[in-house]
Amino acid sequence: MVGGGEGAFIGAVHRSAARLDNQLELVCGAFSSTAERSRRMGSTLGLDPSRCYSDYQTMLREEASLPPDERMDFVVIVTPNHLHFPIASGALEHGFHVLSDKPATISLEECRELRSRLAASGLIYGLTHPYTAYSMVVEAKQRISAGQLGTIRKVIVEYTQGWLTNSVERSGNAQAAWRLDPRKAGPGGCIGDIGVHAFNLAEFVTGIRVQELCADLNRTVDGRTLDDDGSVLLHFNNGAHGVLLASQICVGEENNLSLRVYGDAASIEWRQQEPSSLWLKYSNRPTELIRDGGAQLSTAARYYSRLPAGHPEGYIEAFANLYRNFAAQVRAFPNGRDHGGAVAHVPGIAEALRGMAFIETAVLASASERKWHRVPDLD
Amino acid sequence: MVGGGEGAFIGAVHRSAARLDNQLELVCGAFSSTAERSRRMGSTLGLDPSRCYSDYQTMLREEASLPPDERMDFVVIVTPNHLHFPIASGALEHGFHVLSDKPATISLEECRELRSRLAASGLIYGLTHPYTAYSMVVEAKQRISAGQLGTIRKVIVEYTQGWLTNSVERSGNAQAAWRLDPRKAGPGGCIGDIGVHAFNLAEFVTGIRVQELCADLNRTVDGRTLDDDGSVLLHFNNGAHGVLLASQICVGEENNLSLRVYGDAASIEWRQQEPSSLWLKYSNRPTELIRDGGAQLSTAARYYSRLPAGHPEGYIEAFANLYRNFAAQVRAFPNGRDHGGAVAHVPGIAEALRGMAFIETAVLASASERKWHRVPDLD
Amino acid sequence: MVGGGEGAFIGAVHRSAARLDNQLELVCGAFSSTAERSRRMGSTLGLDPSRCYSDYQTMLREEASLPPDERMDFVVIVTPNHLHFPIASGALEHGFHVLSDKPATISLEECRELRSRLAASGLIYGLTHPYTAYSMVVEAKQRISAGQLGTIRKVIVEYTQGWLTNSVERSGNAQAAWRLDPRKAGPGGCIGDIGVHAFNLAEFVTGIRVQELCADLNRTVDGRTLDDDGSVLLHFNNGAHGVLLASQICVGEENNLSLRVYGDAASIEWRQQEPSSLWLKYSNRPTELIRDGGAQLSTAARYYSRLPAGHPEGYIEAFANLYRNFAAQVRAFPNGRDHGGAVAHVPGIAEALRGMAFIETAVLASASERKWHRVPDLD
Amino acid sequence: MVGGGEGAFIGAVHRSAARLDNQLELVCGAFSSTAERSRRMGSTLGLDPSRCYSDYQTMLREEASLPPDERMDFVVIVTPNHLHFPIASGALEHGFHVLSDKPATISLEECRELRSRLAASGLIYGLTHPYTAYSMVVEAKQRISAGQLGTIRKVIVEYTQGWLTNSVERSGNAQAAWRLDPRKAGPGGCIGDIGVHAFNLAEFVTGIRVQELCADLNRTVDGRTLDDDGSVLLHFNNGAHGVLLASQICVGEENNLSLRVYGDAASIEWRQQEPSSLWLKYSNRPTELIRDGGAQLSTAARYYSRLPAGHPEGYIEAFANLYRNFAAQVRAFPNGRDHGGAVAHVPGIAEALRGMAFIETAVLASASERKWHRVPDLD
């Protein structure tokens, strides 16, 4: 693991998620920017001190020099965004698979370069969009791909938070500070931090793609150079329209991610803060409440659920699903067996590119007088 | 009453609302396009047959010729949009106050003309935006104007329905047919039918005004010439940003009107389908659920509520509040006493103009390559 | 109308409900205990002063002496409980139908006497249990009687309020004062005020009857002589078990009436504070949300609904349904035509007897060391 | 670990919970009734085959013979109820701490014996009532003990499920089969399986004790010898009244555990299926929604929460809290340091005794003609 030292939020989530299903073990890390703090963190985690490295370069070099059955299997990147690319590149260079936080890089250009290096390496790359690994999100995807909604016409995706309502980045909140610093976060603030999750969720569940967009990104709080709020109109490649809302200045909102997809036959609604419920609405039948662990779930959704209905599963469990799926891919490498099957998806380089294309286009579009801007599609 | 014959929806709501508080009596009408059907409807309603007129022109003429204490006090207009202006103009000409369905006219130009005629007449004009007359909407407005939210930064207003998911206008649904016919509905379909309610609600509650907008209106169902779906980005005159969603092709949605307003200190959320609840959210205190009839309501909100907490009031009650307020204005005419006080608001010609300016600008903006379009403000 | 003067709550609800559907007109009343106050109330309501009577005896006598087409059609009783029987008896004696607030009388004995007099009179008697007239309650009843739940096994009905948390009866709350005074309320406090509504709702919806019960009624607040809280275990005549909770000291609860019925095939859940929703749950299918005005409603439920889905209807509308049904019965008298049809139910003397039997048995059972007590069934 | 082999539900939950916080490691087990199956399970879990024992007796003996720093630290019991006592006794005898599933034993007599042996051993005993380890349950307890509700007057606790609606115990559902077999489950069916959780939750949160009860336990489905449904009236030692509902034949209910506590100043409501929300209601202030990770939480509740607000935590996380607390106690043994502090509670032998007293009294009371039965209190 690179990053995830004291004070970080997502590193601890990664570690809990990795442990949950008893398939993975954290063996080494470069957790912080100093050797001392990295070692202290490693000690807390019960790691061998000799594998708590002062920096990622050392970690990659030293681990690569260990015998194959001792060295780490893959690198987890949980640093600020600007380090994602160099660490991922370094890992691939040293022969390690990569599991990286989003966004993949700080520019689309970097991401294209990452794609090339990945292709050259033949290794595995995963991107942690954990919301796609909630069982009811998988259920929604299954039902849409099975045609239960008919033709998709409208997509409304929202991710609103309130934690940047005030200028906490100037009063010691390290999480806020780097996310609002363009050198560390890249060109997108809110749109790159959570907007890209919403974008990924919408494309993942619907199976259609955003073709062009119109954006209004804002710097609400004085003194910010990156956006903390945004609204984006979407045109999809099947003719559907949509709206993406992302904001971190919506005071009182916690982690309010929701997705609604309207077809010509039915619609679905899902809300992250009540993740075990999926609503299915029709024009001529009563609304159905599909529940995690409940009746008539797809095989795929069952695979993402651990407990009987009514025993809530949450964010760590969704994250753990990604880890389980990634572990299956790594175990199956290079011969492809035991990869977890068709339903064991982990977002990869394709999603990485889509996300970076979205962020860059939204930032560009917001600054433009022109309404619509095409989102590059590189597949 | 003009309009509101058999098969109409909103006419019956008007009549129930007018009756509820025992202050008004329906005395005459031109309910349908034929004398026979108008008389039949009037008979159902228990009216004197001599006051069931074949058309509104006759009604206005005949009623004006009755002695002052026998003639009707005001005209209610519940026809398709294209008749709003001629009927309202005729009524003013004959000395009757007007209470009209929205939108006020089928163009901003017409609405300006209506304003002139109204000013010349010295009479009273009301516009039925009933959502503004829910007690918890009034409570939201009070709290915002009292500064409890701080400076408003973000407004999200949504009005989604599913009843136009299919082309019901071609299979005998008269309500759908005229609403999608530009000759009867005006330039806006969904945006003029429900979008304008959302717009009105947002400006009413927040007290700020939309200064410019960017619109994406769509004709989702084949064969339609008016929009059935739309998303509009908003810039307000205080610098706040916003989004307005209006759609009638969101299959499974009933009458899903909601408003969220985020200030720098707190935020509110209200949903029409659960109208007795108002949510107040903070960054450093627990969320509060304010309830109709409950503790700590403003005097204004109490005025819009009839029952103790926990006894649901609904759409008819909100509509009846508008009628009660309008009746108070009419009773107070011309000397201004007993008008119901400061809280007894009825949307009037100012709101009519704002609504028409919004509809026209949204339609124009949607067809344009340019992103932002200014909403004319005529006050 | 007898009762419903200034300060009363339910009288105003009755009047609004009676007006809503334009079928009834309030023509006379004995609203208060003094002639002066009764006249003042009548004046507020726009009544002919000569028909604002000083007491109900005068009203009955005077109205009976009017020509048949001028006199009132029926008497509405909205007084404290101890007056229900004498007024109803007097009305029947003078040839007037009766629509009475619950509970019907202050003892089962009185209620039996009322039944005899009613039978002798040949007139119509209605009892206002308005919760049975919500459209989704009717829908629940229809589905159960159609067998969709299978055999009923368990019934959980709850009616909790918080308004008697403190001894408001001693600080000027007239509503509380008479409800807690055994001379005016009868033997039951909370159990007779709201417990009987819950009981009626359970028997109405399920179609089964409580055969025996075990009760724990409490006087929570010091100084009260009647119960303000109670829990009752139920055994039904088909072998089902149940629980009835009624309390007025549940601080923070508004008017929290809910019903859950579990069969061996499916179950339903309804909550009065969100009356337009009915939940239908299965063991092997997703839960369904049935909505007022929505798809697949029974004819009966449609009859109790005025508006399209998503336009909330509330307590007054439910109450108005009872009035509409009662009006149909009165119009059809004595020949039985036009009574509104099979679905146009109004609780009558049978429900009155069941309610009084329930209240008396619960009070008796609560004071007993013995667990189970049979509820007399007099049909 | 004893029990938790293939097909078991709760064993896997224990293992995930133990892993989550990286403080515990599963080192040995007697997972099944045959050596072969136990070994197979251990192999799946990555255990040393030599520590996958054929039965618990062997496990205790062999582990006790290992050097102190190699042997297991404590025994987890996740077997059917009738084995809880012999395994716990054996573990104590061999010097191992015990963490046991509920109910502690199959009789109060056995539980008293367990208490004696525990006292003699000086070791630690924990009982897994995981619902007490949800952060918002802890918050509720804190607020009540701080007096925010005033004097408690009414407690309503409910735990309803639908999975025993049909006689699944006769069609291969092993979980159902032993739970409905009095030789394995003890005298209580539903009341011992989930009723005791509800009982424990109510006493834990309120801090008051059930003094006497009146019970109606039922065998709804033909052929059952143990109860599958029950309602229990409660009298608490401070004069409060209450109701406990427990049922496994409520078709369509998942794991519907809820608690409501009404004081004379305020009330709380919590529902397990939405565990991150706690409702606080007042008579003269708006209702508050307290959220996990949100503002103004007690220190204690924060200790039970891992993630920022809006990232759902669920059943495994609550269970993991118990494991973390138990681990702290074990680490602190015998000198008492580092036990996790005052908030790091694990239900122990006192709760075990209360639970068994409740189950036995409820079963006894249900069969009795007498209404009230005293719950023995042994502290």
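A few points about this structure:
Chains here go by letter, A, B, C and D, matching the order in which they are written, and residues are numbered from 1 within each.
The criterion applied here is as follows: a contact is a pair of C-beta atoms (placed from the backbone, for glycine too) under 8 Å apart; a residue touches a chain by one contact, two chains touch by 3 or more.
Just so we're clear, the structure is a prediction, and the values are computed from it rather than from any experiment.
Counted by C-beta pairs in contact, the busier of A-B and B-D is A-B.
Farthest from chain C in terms of Cα centroid separation is A. Separating the centre of chain B from that of chain C, both taken as means of CA atoms, is a distance of 36 Å. Here the CA centre of chain A is 43 Å from the CA centre of chain B. Mean C-alpha position of chain B lies 55 Å from that of chain D. Touching of two or more other chains is recorded for residues 253, 282-283, 287, 291, 294 of chain C.
Chain C makes touch with chain D in their complex at residues 153-154, 156, 162, 165-166, 214, 216, 218, 220, 229, 231, 233, 235, 241-243, 245, 247, 249-253, 260, 262-267, 281-283, 287, 368-372. Residues of chain B touching chain C in their complex: 9, 12-13, 15-16, 19-22, 45-46, 161, 163, 253-256, 272-276, 291, 293-294, 306-317.
By the touch rule above, chain D contacts chain B in their complex via residues 280, 282-291, 294-296.
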